[in-house]
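The following pair of complexes shares a single chain, subunit A, combined with subunit B in the former and subunit C in the latter.
Right after this comes the complex of A and B.
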């Protein structure tokens, strides 16, 4: 077994976007039950170090696979497709328009300290994100990496806004 | 007549000897120590049968150090030298503290640029909060050794989940000073969840609401098939029962229209304030009476109504972090199976009601809120020490409470590890040089959620030296953060193009440097001289013996993973350690331990691989069975 093998292989899962999250969770728990430092605390320092490195790797792999956006990015990366997040900011005009409108609504709700409006915007965005994820999975499974890359960039954009709404709610609630 | 058992030469009579391990709840107000006896976690009482040790230390002018009840009786008589709630000072600077004016201490000023950790000037010289905590831990250690009658393998020490890196490190340093082998730093709400979950075979999503003397934690955990997985944690490491006392204290001052008080009178009224708060738990009204040194007499009645009015902002202050933790876990209050109440301050009826209203369910109070953390810690310690029994297959997955990052250009924070990441966790990022021929680099590590460095907590400054000179922007310095299972951060850096490991010098912002700790340890040796030397030697010998046993047991199980040559090398290292083990040369023992550890590194890696392979293979067979 190679410590540096890819995340899918580490869990013995097929390399694809569709994933049984309950199965992933069960596998994650089983692996951690073997490698976690708590299980090796009574052993030699060498084994404790090993345990920490393995548990760290398993945690990282679990995070990468659990989140569908990260999983998609990882799949594209494994397949050798560069998503070019930093340089490629081109997005369809309709998407950008919708996002700008949403951003303005968030800004207005934030300024008006309107928790209910922010809540509603949060739900709306979450729904949109779910729909995009369905398209993303179809693009990945259908062998259209260019479209998948585009959707990944859009989703990152949307998740960033979702975070901002969360932060705004946090500020208003405290 | 019963026959005596004689073991074969070279073999231990008890290969699975029960190792003595303890769990310590190092609290703001009270501390406890617990252990597992015949499969049951129990709190160890003092010689008078009292479970708690008040977290009070007095440094008397005659050189005596009093801890616990003895120190507590001197609170009002010797306020400057009698330290209470020292936990609030751990890893904190003077400007971080509230109500400094009403504290009777003589704070020592630090030369450190960030201010450094606060220090107290006492009749026995300047004391760091780490040293004061070490004295509390020594008291608990002595209690445990007396009760258990043997050398301790190690201790699990609990910390508030919301403690940052500096506060955790300070706690671990205190344990080191007290001569304890720290098996793990365990988050207090997680410890409570272990005690509650194992007792009740609980499954589902639980919130642990832990309001102690000086800290507030809220943790959301998922309990599934023996796995305790912390989903999110939040809190306030400067909010607790003490603050309720302070409100009552201020109310007394206002009501009785008192002139500025002496330190002794202030302490007296603070004690009365706490007593009144505790009395209100079971009564509608509390009398407050005190005769001051000025001859004035305080005679007041505090009703529940007034108490709730003057403290309701504190109650509300706990709900903000609670909401945040739920949001981080992506859950709403109605998705919580149960709320476990921990900490003496949760006895307050107003807290009970607020929690019930927020979660829409009655909180779980069937555990002693004072003892549950120590009991959970003892259970974890027992497991970590290797005393495994049937049914002990549970696993704990905890998180870090606050994001970790680095300062970048313009005083902004680049977050490397976000809050609520499951530990252990590592993250690396590449940086480059700004100038031609640059050979050094300064890194500033911070912890917190805000974007500006000035709004986050400074953890440490690192100086990287020995970068090979190159043109600006050519060097690739990979800075790696590793957070271990104690939630403690280690930083390393390597130049990627040459593979050159940069030398790192760490300057903790609020902690003690390795040199300071070493000096304190050394001071301990010279004080008690020979006795302490023997003790230190004995500790190394015990540790070495543990290592020998661990390697022998690994060889018994998995010798097939080694070639003849590799096996011979490990046997050599083992023999060398066993030969120096009985002597009194501490350095030789440590060197031999180091050699054995290095010699078994590859073996350890192969053993782990084998174990992982088996985990996956087992899973597949299980799934095939289901088909």
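Right after this comes the complex of A and C.
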């Protein structure tokens, strides 16, 4: 195995956003079985250390490719496009306004322990996220990195909020 | 990760939280967001006829550092002209709050919120 390979090459997968996750899982299990440290207990300390590094590398690559948003960010990075997640704060005003309102609604539902309202917000957000992932894939496959970058930045907000709603529901339902 | 005492103070007792009434005069609004952490920040300035910022309010959905950065900024901009407010740099905010490197983007967000609010004010003035 070659340490300089990108995550797609590591699994022998084509470098694209569309991905068969079941196939990725199977490839991951294969690779992981080959590099698992237990298999190398009989080797020298140096060889064991290398096997450990490989296991870590395979895990990281798997996590990078499994999640569609991380995969998209990685594809943009590989193609040399900086998404500027840290410094690009000028999101479209209408998007930010909608995000602000959504967060207010989530905060109110959390405070009021309103599971139905949180459920409804979760469904609405999931629908939006699905649609945006479809657009993101189209932008990546259609060679529009600027649009893809925009969608990645928007999805960072939406997926974070979706996690928050999920956490709140978990707390309320237990 | 541990927060500095100043961050905790602003987080527990945030200054100037809220929004101005829709009909109030001289209100400028800056909306910004940080994709890295999904934080959203709204900063509003109430600007007097002399161009001095009389009051400021904020609403931030984000981590303690983002809330502290915006809370601090609402205190700093009061009594300043728009140009003086624009001179506030994220490095000053980060230094005052002793933000760790991974939280620098929170101070960038607060600086950009001032810029966005001032731009909004100037745009509205040109339209009149």
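To be clear about the criterion, the second predicted complex is superposed on the first by the 168 of 174 C-alpha atoms of A that agree within 3 Å, B and C clash if a C-alpha of one lies under 4 Å from a C-alpha of the other, contacts with A are read in each partner's own complex, and residues count from 1 in each chain.
Keep in mind that, in the parts below, a residue touches a chain if its C-beta (ideal position, glycine included) is under 8 Å from a C-beta of that chain, and two chains touch if they have at least 3 such contacts.
Worth saying up front: this structure is predicted, and the values here are computed from it rather than measured.
A.B. asks: Does subunit B (first) or subunit C (second) touch A:161, or do both, or does neither?
C.D. replies: In the superposition, A:161 contacts subunit C only.
A.B. asks: For A:59, is the partner it touches subunit B (first), subunit C (second), both, or none of the two (neither)?
C.D. replies: Only subunit B; A:59 stays clear of subunit C.
A.B. asks: May I ask you to decide whether A:47 touches subunit B, subunit C, both, or neither, giving the answer as first, second, both or neither?
C.D. replies: In the superposed model, A:47 contacts subunit B only, not subunit C.
A.B. asks: Where does A:103 make contact in the superposed view: on subunit B (first), on subunit C (second), on both, or on neither?
C.D. replies: In the superposed model, A:103 contacts subunit C only, not subunit B.
A.B. asks: In the overlay, work out which of subunit B or subunit C sits against more residues of subunit A.
C.D. replies: After superposing on chain A, more of subunit A is contacted by B.
A.B. asks: Mind listing the subunit A positions that touch subunit C in their complex?
C.D. replies: 83-91, 93, 95-97, 99-100, 103, 107, 152-154, 156-157, 159-161
A.B. asks: Which part of subunit A faces subunit B closely enough to touch in the complex?
C.D. replies: Where subunit A meets subunit B, its residues are 1, 3, 11-12, 26-27, 29-39, 41-47, 49-52, 54-56, 59-60, 62-63, 166, 169-170, 173-174.
A.B. asks: So in the complex, which bits of subunit C are touching subunit A?
C.D. replies: Spelled out, the residues of subunit C in touch with subunit A are 31-38, 40, 42, 59, 61, 104-105, 108-109, 112-113, 116.
A.B. asks: What does subunit B use to touch subunit A in their complex?
C.D. replies: 19, 183-184, 224-225, 227, 229, 320, 323-324, 327, 380, 383-386, 393, 395-397, 421-426, 482, 484-485, 546-547, 550-551, 554, 596-598, 600-601, 603-605, 607-616, 618-620
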